[in-house]
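Note that the chains take the letters A, B, C and D in the order they are written out, and that residue 1 is the start of every chain.
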Amino acid sequence: MTVIETESLTKRYPRVTALDRLTVGIQPGVTGLVGANGAGKSTLIKILLGLSPATEGTAAVLGLDVATEGPRIRALVGYMPEHDCLPPDVSATEFVVHMARMAGLPATAARERTADTLRHVGLYEERYRPIGGYSTGMKQRVKLAQALVHDPKLVLLDEPTNGLDPVGRDEMLALIRRVHIDFGISVLVTSHLLGELERTSDQIVVIDGGKLLRASSTTDFTQATASLAVEVTDTDQHPDGTRAALDAFTVAGLTVHADGHLLLVDIADESTYDTVRDAVAALGLGLIRMEQRRHRIAEIFKSNQDKEGGSRDAA
Amino acid sequence: MSTVYHPTVARLTYRALLGRRRAMILFALPLLLIVISVAVRMLTGADDSTAREVLSGFALATMVPLIGVIAGTGAIGPEIDDGSIAYLLAKPVKRPTIILTKLLVAMLVSVGFAAIPTFAAGLILDGNSQHLAVGFAVAAAVASIAYSAIFLLLGVVTRHAVVAGLVYALVWESLIGNLVPGARALSVQQWALALASKVADGGAVSSDVGLPLAVVLLVGVTLVATWFAGRRLRSLTLAGEE
Amino acid sequence: MTTVTIDNVSRWFGNVVAVNDVTMTIGPGVTGLLGPNGAGKSTLINMMGGFLAPSTGSVTLDGQTIWRNEQAYRHIGIVPERESMYDFLTGAEFVLANAELHGLPDPGAAARKALATVEMEYAQGRRIDTYSKGMRQRVKMASALVHEPSVLLLDEPFNGMDPRQRLQLMDLLRQMGADGRTVLFSSHILEEVEQLAHHIEVIVAGRHAASGDFRKIRRLMTDRPHRYLVRSSDDRALAAALIADGSTTGLELGVEAGRSALRIQAVDFARFTELLPRVAREHGIRLYEVSPSDESLESVFSYLVAA
Amino acid sequence: MPPEPTAAVAAATAPADNSRIHDIGYRHYDGTRLDRSYIRRSLFTQSLRGAYGLGRSAKSKVLPMILFAVMCLPAGIIDAVTVYTHMTKLPLEYTRYALYLQAVIGLFLAAQAPQSVSRDLRFKTVSLYFSRPMERIDYVIAKYGAMAAALFILTAAPLVILYAGALLAKLDFATQTAGFGKGLLAAALLSLLFGGIGLVLAALTPRRGFGVAAVIAAFTISYGAVTSVQGVAYQQGDHAAIGWLGLFSPVTLIDGVQTWWLGARSAFVGNYGPPNAVAGTLYLLVVLGLIAGSFALLMRRYRKVGLG
């Protein structure tokens, strides 16, 4: 089953075209949505929730048409906004119970599900205290809880790691994985941080200038390249180990170039591995790293960076 | 560079005061005064006592302090509130210069939107005796200057400057001043009236405060408020974390 | 005018100590300021920017106190964390006003140049309240660059920027650093810090936890064994050859992502990394992959925070 | 939490083996999902309770409860006086009551309208409401309804006390009931009018303080301006003008409507109400127009808010 399906979806505002004939199908699982600012990410979310009509084209969420079934979609979808959305003077429990009722849950169910959901997102004693005193990480958990409390089939998470520090970010990313794996809820998550999407998402959709730049599984995005990243230590004998290794590799006939402290060696065939090993051993350097490089999502932005509106030739 | 006035700070302040939604009140209140004056004039013809009632009851007691609140707090409060004052402070410009410039702008704006309409209303209400119009216009101008300084200080000191200013304008000046005679001695409105009664000779305007005392208090309050605002801004710290 | 010196600085708010006896020197080049939320990064940046007085100690720019010294701003450019600016102005008007406030001889030209640097000319005529977060960030950058300061302080400058804008800003900051300016930025995105800053300063709970190159910082953590994942043509033989040496403590044969792999804990980093290629060569074992699993800035950071 | 039925049964049938680990992992919800009318009702109830500080902190109960008490106290005193002095009619008409205590009503509105709507705007909670099955109109109906209902409780409760006192004092049942009915009708109209204006002003700004200030300023300035010009007209003996001027402030509008349509005695200076049928009709039309206009403005305001 396709969770989200759009067919030449277009949204034009008087000054800009936010979405330009976007056709994409999103499968169950965790999907990362990447887009330039103003690339129609928030417009897409509004359309998918049935809150803003498309100029042209169609979209369906969980098989329901966004143009006609907005309220039914919103009953089955959870939404976590990017910005703050929590009143500071009520407790997480009170707030989430209220939001559960606003999703149509009867009072008893709202209370029970709130208790469960807050526990699942990792809020314990603090849930009876006013939200105003929470840390950023705790607030993000409350925001996630209100999006999950009515047991949606799909949640839209807009920049859920925004403002979190590295530890908080890791916890949030783990939580997002759990939402899919343990709770069985599909996730559409937006982020500007491509690295964290690579870690979290099963598939990634990149929108640029309102158009689809690329949509495919994360493994497709991050396939291994034919390049070996090598990092070596400095020794007393070779104070600039990287330089020494670069020269040795070149002498040994490898194609290599330096990228900061890394040496990128083209893998000609299996013997390349041995050549690197032998050259490092011969110099007496320490081998810190030798890994086949993977493609990064960032590359599609880098390759387009010089072209103005580089998306035009992509789609 | 001049130490009391910085044209760029002034420009930013004008734009901030007149370019936002709250500026609507700056236009609405004088308009209301003019409408009322026209209505009253049509009902009564030129009449000293009615004119005095409207000018002191509405113009001086309500409109002038309200415009003072908007101009005084609006000249600096929002910037401190949203942190954009950082762009002014992180410049090789002395902080007293910033305060003085903002004060000057607030004064000009409130005189423009309070004293001039008061003068116009005076003329409309009472075309015969221009003493009244001049007297109240002077009172409005003097009061505007004092209010600007007081409310600018409030804008620097508290985030709730507008509410505090309104409480002062509506409760203290309008209500308490009318109910408790003793409170009038501590009222910018009465000090201004004392000055006005001097200008509009012939007893057209009267005040509960003697002229010398009024002048001393007006000047004193304005200077102290300005000095204190400058001091507070100098040691204003922007705690980035909210 | 390029060196910011923080000398025995503490800053408290009531009983809350935000910055606790920190001493550091920020010189030319790009420096990343890291720390968990609430560790005192913003407080520190605010003190360097003269928005906050240190409770004790001194914050100076080439020997001159920054607090209450508005002349210091001739050399400092600041990009505040908060989003608000003069939203009712256009981008061009805003940057021009900043240029005028600096008393520049030709503010118009300076503003145009700054806007060009951040590539915002195309939207300079629009009011700031119509801007996206990324556009705001760039205009903030332009306002901080307009007087070509030698010190640039940026509090979470990447916040809200999209991937393309991030890449642009990283290039810009890298360029500034290469030009010999002192660039200090705080960020939570360790991946970016790793790519951008050669020098990091880490603040944990108000204390100065570490400074320098994160790889060197990692080497200093001798109490933390380095974890490695190695794939080779014969993991078992490699393990047997390595175990004889004292530089490793744990050797574990297993399967990782469907392929066999050797997990190693190295206690003596230098000795182990030199041993590995030598031993492999001696035994004719082909190394396919040598991956340190806790060498990234992320691991370094988490070790520092947990310490 | 309800007991796990299967576990209970299993435990009963196999007493020897009662150690087990229950699954407390994520549970799906397949219970009822109620419709928009339930959501609207829930939001209405929550907002109405919120207007009196119920379900909120103790601090936020203080002001509305004090105002409610202040509103009811004079009615109790009037009752006592009426009963013990054996009056033949209440010293204060039902329709006059709210006009006398308009300052209290204004304060209540100024405090509670912003708390009802500017909070949601300021903390951007509106986007969470609109991402749920409700529609914009549900939110507006619930908020407007709750504000009007809160005002109605505030204005009708003292009337009930007066009515009860009147019956205790064995005043004429028919007259009292008619007066009480008119009073309730006027209170309802007042609640809708004030509630609408208050919410529109409060929804303009996410800043609660500004909302409070805007409501107070709008009510006091318009009332002050109208009554002072009416005073001038009275001095000049222009009684028709007094009647017409009342069209320009919310309080005097209600006064005019109840004077013309419900036969109340006007509280305008000299008791001069709307001068003729045209004016009387106009009063009613303006009140109804303002109520409808407030609703329309609120709808418009929230169209722009969206997910923000």
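For the reader, a short list of remarks on this structure follows.
Note that in this section a contact is a pair of C-beta atoms (placed from the backbone, for glycine too) under 8 Å apart; a residue touches a chain by one contact, two chains touch by 3 or more.
Nothing here was measured: the structure is a model prediction, and the numbers come from that model.
Distance from the centre of chain A peaks at B, each centre being the average of the chain's Cα atoms. Inter-chain spacing, taken between the CA centroids of chain B and chain C, is 49 Å. For the pair chain C and chain D, the distance between C-alpha centroids works out to 54 Å.
Taking each chain's centre as the mean of its C-alpha atoms, chain A lies 54 Å from chain B. Counting only residues that touch two or more partner chains, chain D has none. Looking at chain B, no residue sits in touch with two or more other chains. For chain A, the set of residues touching two or more other chains is empty.
Arrangement of the chains shown, judged by which pairs touch: one closed cycle in which each chain has exactly two touching partners. The touching residues of chain A, counted against chain C in their complex, run 34-39, 135-137, 162-169, 192-195, 232-233, 235, 261, 270, 273-274, 276-278, 280-281, 284-292, 297-298, 301-302, 304-305. Contact residues on chain A toward chain D in their complex (touch as defined above): 42, 45-46, 49, 51-52, 70-72, 74-75, 77, 79, 81, 83-90, 94, 98-99, 101-106, 109, 112-113, 115-116, 120, 146, 150-151, 182-184. If you check the complex, the residues on chain D that touch chain A are 1, 25-29, 31-36, 38-39, 42-43, 46, 55-57, 60, 119-120, 123-125, 127-135, 306-308. Within the complex formed with chain D, the residues of chain B that make contact are 21-22, 29, 32, 36, 39-40, 43-44, 50, 53-54, 57-58, 62, 66, 160, 162-163, 166, 170. On the chain D side of its complex with chain B, the touching residues are 204-205, 209-210, 212-213, 216-217, 220-221, 224-225, 228-229, 231-233, 235-236, 238, 241, 245.
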